[in-house]
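You will see two complexes here that share chain A, one where it goes with chain B and one where it goes with chain C.
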Partner chain A sequence: MKFAAFLIVSLCGGLLLYATADLPAWGDPNSPAGTHLSPHYIEKALEETDVPNLVTAVLADYRGYDTMFETAVVFCAGLACLLLLRDYTRKKGSFYRHIPTGVVIHFKENRKNPPKSREFEHMDKEWVPYDLIMKTVCRILIPFIQLYALYVVAHGDFSPGGGFQGGVIFGSSLILLAISYNLRTVMDRIKERVLGFLCVLGVLVYTGIGVLCMIPGGNFLDYSKLAVFLPVDPGHVRALGMLGVEIGVGIAVMAVMVVIYVNIASEGRHDEGL
Partner chain B sequence: MHWQIDLIILTFIIFCAVAAITVRDLLSTAILFGAYSFMMCLLWAVMGAVDVAFTEASVGAGVSTVFFVAAVFRTSRRTKD
Partner chain C sequence: MMTNTVYPALVVIAPLLTALFCSGFSWVEKRICYPVAGAGLLVATYSAFRVLLEVLAEGTVQYRMAGWAPPFGIEFRIDLLNALVLLVVAAISLVNLVASHRFVIRDMDDRSGTFYAIYLLFVTGLLGVVATGDLFNLYVLLEITSLTSYAQIAMGDPDRGPLASLNYVFIGVIGASFYLLGVGYIYIKTGSLNMVDVASILPALQDSSAILIAFIFCMIGVWIKMALFPLHIWLPNAYTYAPLPASRVIAPLMTKVMVYVMIRLMLTVFGLDYIFEKLDIAKAVVWLSTAAILAGGVMALAQRDIKKMAAYIIVSEIGYMVGGAWLGNKIGMTGSILHIMNDAVMTFALFLAAGNLAFKLGDVRFKNLENSFAKMPWTMTGFVLAGFSIIGVPPTCGFFSKWYLVLGGIEAGAYHFVAALIISSLICAVLFFRIFEIGFFSGESHGRDHGHSAGPEMAEAPVSMLIPLGITSIFLIGLGLYSGVIVNRIIHPFLG
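On to the complex of A and B.
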């Protein structure tokens, strides 16, 4: 059986490798893709959209419809994770530590939790020792990561990056907070409702800008029609439309990353994670 | 001019890919996938596709590794086969 599987995999791989010989060479200017569309983008993108980064111009403007549905796919991934994994039943028992004395209290049944205070601290079941170095380093590092994420979103027009990458970096800064402290630290700062709201908001910002373009009589996602609402010179309007769209993508991706991580790491209970 | 770099990176990619499907410890597999993604990121960067390299580094090597580790943490660490 294993031999048959190996044979089939080798045959398929060999066939694929054989077929790649027919593909145009890397960077070949005479390839079919390089003769019609690419020259138009390379020559006209800067004057049409006022965006120096061609990749962003293609992704967010010429192929804006594709990117909108990519955002919708990411949103659906977060939604599926939430629907499959979210568990509203609470685990039996919880541990609390009285901070001044260090005494640990074990509630065997689901009592009402002690109010959040400086005296009591909710502990994970798999107890993790307090690590000063890791917490301090992460506390110093996280604001810079988030600032960098915002930079990546805002400079998507000029340099590599954009909404998707910036959103992922922002989301991973929150995941780093959840790993270095604990999951409740993140869930106390960003409530589950807010996360769900942000997922929807990102997609709505994208489609909203698309619909906004239709009000003055343009096509869906035709950013040049936004000049009616924005008092800037007409050449720059498409760049601003792209920026708005990128912000929408960034919000959606950030929220979805946190939702997926929280649901996987806590088995959908949102109480204790890695 | 790039072919030496390409060769080194491609060797590492194949090594990581083969290791990821043969190792039985799923946590090691997750880390090997992260290494694989990082090598792919380097390859994109060598080809000049910086945006793709950026995405690969942040999503493939960064967040998805964390997702895999979280999933392994909540399921079993050893594979059956």
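On to the complex of A and C.
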């Protein structure tokens, strides 16, 4: 079996290598990829879309329909996590430690979480004592990470960045909070239901902007038609449409990141994670 | 023709939007999700119908996403073939939604909203794959379809569903990667992703080895996804252990849509000249599909469970369609395209009937089916019709596409393929008459008191499940009776 697998892999690799002989040279400016469509994007994108970042122009406008479904793929991943991992039963019991007294309480099956109080902390075999340095550093760091995430989303039109990157950075700040404190701290700040809504909202912003473009009679996602709703220079409307879409992507990616983390880390129980 | 209507976009956007609403409502009021999903699919079906009418009246419809002209932006390019498949996909998913409502309430009430959202996204993916005229966009939507089908399959049988889904994930990802590598090579050699644009560049590149590899990789990718023997190993378990509301739509549609993708790549992108004159592999593929037909049939014979038997029948049917498309003549291609539609409807009918049986009997192993004709006469009538269609008994639709395939095989001189088709019909006859026998005659023969018992009680499935089965069964015969019209109005004009 291993031999057969090796044979198939070498065959495929060999075929791919065989074909590389026929590919244009690396970085060849006269290759088809460099001469067929790219010149149009490079010459016309700024004029047509008013966005200086070519990558964003192609991604969010020329091929914006693809990107909408890329966002939907991320959304699907989040939904699949909810569908498969979320545990609605609360079967397993858990241990909580009352910090001032040091008493450990055992919550049996089908019990709700302990009262929201900073005096309780979860106990399991990975339990570690309160860590002053880590918690303080993370507490200081997290707001800046989030600020940076917003910058990355907002600056997607002008510099490298955009909704996907910004969303991931924002999501990771919340995951850092969950790791350095605990999951309950995060779930107290963002309820599961809010996270679920945010996942939907992100994709809905993208799709909604697309549908909005259809109301004045344009095609789906044709941002130039948004000029009817936005009192700005018509040449700049496409750029604003892209910004709106990027914000949607950012929200969706952020929320899905947290949903996936929360469900995997707590085995779908949403009480305590790593 | 550039279209001014919104219907081409609406076919895909309506299910996507309603999927989002379902997911949102699942946190507030779960009961709204079902009507919302139904409305979305109704709009999609109506739009697909309007698009078909438009294509029939005025020829190929082009819809520019974001308003950009084709090679620069993404376009929907809907001709007669797409329009037909779109309507089949949208209608079947709508009927299944209605038929599965009771199932969803019974088996997964706590997560029904999320399930509907995933279901709608799956349908969105299928419709998008069919409607698009862009090679990369096709991949993105394929990704959506695959991801959602993995999730749905993993929700099935708690012991074996997740494992079957995991196997499917591994193999499905490999298949998608093959397709993506192929598209990558096409892009490097042509610089374009638009199907029609690529097709206009490719004739100059017929001797390119990169294009040859791209073609092979694209084909292997779609073959893995459609489960052409011997790449089918993921399919039987995945379709057997999936929850019925999901498997009833995944099983008939996913593989058929992949056959559509193969035909689209052959006809529109690479072109028949390249495939049949430049390359000399058509005969080998027809042999492969012959093997698929026979292997699927033989393995189906070994099963003791309707769902698994149906899964192997699908493996066999894939052989029909691939073989027909690769025969290299118009009749074979006609049969293949007609069979996409007919097979989607008849496997759907089979799964609907199996679902009704499973709803009442718990599971559909053969030994549970004793007396099923007496207990569930309507369901079994639908089952018999679906069985007849799969065997190929006129006037059900399965007969007509098989007829075209046989004629195509004879014209191409591929007698092994013709023989496989006929043997497969015989195997299907054995398969189904064995079940009919169990349903009619067993049960009374052992243990029961013949003279005195009044026979088993009627225990028919709920009306909301019987009506969809009834409608589908009517279509089995209707599509058969009107297959001449479909061929003359839709398939022949498309093939030119």
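What we mean here is this: the second predicted complex is superposed on the first by the 250 of 274 C-alpha atoms of A that agree within 3 Å, B and C clash if a C-alpha of one lies under 4 Å from a C-alpha of the other, contacts with A are read in each partner's own complex, and residues count from 1 in each chain.
Assume a residue touches a chain if its C-beta (ideal position, glycine included) is under 8 Å from a C-beta of that chain, and two chains touch if they have at least 3 such contacts.
Every value quoted in this text rests on a predicted model; they were computed, and no experiment measured them.
J.: Counting only touches as set out at the top, which of chain B and chain C does A:I260 meet: first, second, both, neither?
T.: After superposing on A, A:I260 lies in contact with chain B but is clear of chain C.
J.: Between chain B (first) and chain C (second), which, if any, makes contact with A:Y96: first, second, both or neither?
T.: A:Y96 sits against neither chain B nor chain C.
J.: For A:L84 in the superposed arrangement: first (chain B), second (chain C), both or neither?
T.: So A:L84 only meets chain C here.
J.: Could you tell me if A:Q165 is touching chain B, chain C, both of them or neither one (first, second, both, neither)?
T.: First partner only, chain B.
J.: Under the stated touch criterion, name the partner, chain B or chain C, that contacts more residues in chain A.
T.: It is C that touches the greater number of chain A residues.
J.: In the superposed view, which residues of chain A touch chain B and also chain C?
T.: none
J.: Which residues of chain A touch chain B in their complex?
T.: Listed in rising order, the residues are 26, 53, 55-56, 160-162, 164-165, 168-169, 171-172, 175, 179, 257, 260-261, 264-265, 267, 273-274.
J.: Report the residues of chain A in contact with chain C in the complex, numbered from low to high.
T.: These residues of chain A touch chain C: 15-16, 18-24, 31-38, 40-41, 61-66, 69-70, 72-73, 75-77, 79-80, 82-84, 86, 88, 193, 196-197, 199-201, 203-204, 207, 210-211, 214, 218-224.
J.: Given the complex with chain A, which residues does chain C contribute to the contact?
T.: Residues 6, 9, 13, 16-17, 20, 23-24, 26-27, 63-68, 71-74, 110-111, 114-115, 117-118, 121, 124, 128, 134, 136-137, 140-141, 143-144, 147-148, 150-151, 154-155, 162, 181, 185, 187-192, 201, 208-210, 212-214, 216-217.
J.: Okay, in this complex, where on chain B does chain A touch?
T.: Residues in contact with chain A: 47, 50-51, 53-55, 58-59, 62-63, 66-67, 69-71, 73-74.
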